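Right after this note come the structures.
One chain, chain A, links the two complexes that follow: it is found with chain B in the first and with chain C in the second.
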Partner chain A sequence: MGREVSESCIDSLLIEMVSTYCNRFYANKPELAARRIEAIGYQVGHQLSERYTMERPRFSDHLEAIKFICKDFWSELFKKQIDNLKTNHRGTFVLQDNRFRWLTRMSIDQSPENGASEDPSIMADEKAVESMHLYFPCGIIRGALSNLGIPCAVSADISNLPACSFVIRIKA
Partner chain B sequence: MTSTACFIIVSRNDIPIYEAEVGSAAKREDAAQLHQFVLHAALDIVQDLAWTTSAMFLKAIDRFNDLVVSVYVTAGHTRFMLLHDSRNEDGIKSFFQEVHELYIKILLNPLYLPGSRITSSHFDTKVRALARKYL
Partner chain C sequence: MIVCVAVVGHQNNPLYIQSFTDADDALKLHHIVHCSLDVVDERVNNPKKSGPTLNETFLGLLYPTENYKVYGYLTNTKVKFILVTTDLDVRDADVRNVIFQEVPCCIC
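Coming up: the complex of A and B.
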């Protein structure tokens, strides 16, 4: 176990996956496309968490599992750890990555020269496309945590690129 | 040296997803049912014990006559349980670790639904070979 693939292959695959699901398979149904992408991420996260927890002892509580996600899991996937972890100690965690690897190749066209009337719709479209790309990592986190016994809901927040925050809400 | 051994894998939802008689002794009909019964009865003990430690290999957790139940728990709370009469702890631990690797390979199959029965004959052959090697 443990063959290697070049990172550009992964990048291209992910970009193509999002583009295919949004523009070809579920062309006018972005919610369905988002659900499918998130489901793919769920299965991948499930398998990855099983693989990466093999060598280490098991987790005693939720915080240990979240810390595993922030450190070991993130460094296996993105070669860096989560930069900031916040919690309200009541089942919500915010994982902040200051330079999310899969978004580094995305341009953020925020030039103010576009006409003022067009700005809001273009910005909204760009945000929609970017948020589509985040369903996959959200699914990965949700799959990994579900395998560790923590049912949760994960959402992403990209108010300031290239930093990206993932909000994990543990159910019950 | 003949040894009796029965190996089952129980998923996190308490559903057995794989079972095999891997001992080298002659197989008797009633013995197989008895082995399964003892293993399932030991599940409660595993539940209690699993939360007390963060180790994966819980050694011998239950006895029945001269048969001992050993258990290995993964992070996803899948339990590998072995009913055996030998005392070779290191061999059993290595056996569990190798079966864990095989189990992860099964999970990596995108067409495998986690928690469903493992029907791959390849997996079965490999587990029996590992049992002959380590037990």
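Coming up: the complex of A and C.
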């Protein structure tokens, strides 16, 4: 397990993957592109969780597994831990990362240009592109949790960049 | 002497079984591995809460048969490693440290 690549390679690969799936493979079908990207993330998360849970003792309940995702898993992937974890104790968890590493290179164009009529559509486009980039980490989380025996659905929320929240809903 | 190593997936599906004896008892070893899966499930569902063994990955000696000893190891992702050995004077610590450190690393 000693091979390494540079982080800029990973960044470029992810950006290119999202762009290829959205613009070339499934050019006018963003739903399909999103599902494919999320499936790739699922595979990656599945295998990464196998590798990162090797030495540790087993988890006693769902909260332990989610805490593992927030601390060890996130540090291995992004060199930092999740900043905030909230739960409603009924199967929903919100993981908030105040500076999500893969979105730090993404520009946030907040200056209002001329013409208020153009703003909503441009902003909607930007939000759509940014949300495409979040399907991969959602898939990673979903794959990791299913390998630990917790089927769930994961969605992301980017109301204020560069902070990013992942909402995990455990399927009963 | 180790006679059989098995890796079993999380739905009790066999991923890898290899027996290391020359004799024709591969079927008997498969049967022993199959029976030991029940013991693993029992250990997981009824943990001995008195000891520090509640969430250990190494399950220890699962059960001794007439001339074999069976050891088990369970990962977080419910992948089970089963080891069948004929060594009668092997210690738990040896099995845990030597074998079950290396084998899971090879999988990842």
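Points worth noting:
One rule holds for everything that comes next: the second predicted complex is superposed on the first by the 170 of 172 C-alpha atoms of A that agree within 3 Å, B and C clash if a C-alpha of one lies under 4 Å from a C-alpha of the other, contacts with A are read in each partner's own complex, and residues count from 1 in each chain.
By definition in this document, a contact is a pair of C-beta atoms (placed from the backbone, for glycine too) under 8 Å apart; a residue touches a chain by one contact, two chains touch by 3 or more.
Since the structure is predicted, the reported quantities are computational estimates derived from the model, not experimental observations.
Aligning the two structures on chain A places chain B and chain C in a clash. In the overlay built on the shared chain, the residue A:Gln43 is in contact with chain B alone; chain C does not reach it.
In the superposition on chain A, contact of A:Asn147 is made with both chain B and chain C. In the superposition on chain A, contact of A:Arg58 is made with both chain B and chain C. Overlap of the chain B and chain C contact sets on chain A: residues 1, 47, 49-51, 53-54, 56-60, 147-149. Every residue of chain A that touches chain C in the complex is listed here, in rising order: 1, 47, 49-51, 53-54, 56-60, 147-149. On the side of chain A, the complex with chain B involves touching residues 1, 43, 46-47, 49-51, 53-54, 56-60, 147-149. Partner chain A is touched in their complex by these residues of chain B: 12, 50, 54-56, 73-77, 100-101, 104-105, 107-108, 110, 114. Across the complex, chain C meets chain A through its residues 10, 54-57, 74-79, 104-105, 107-108.
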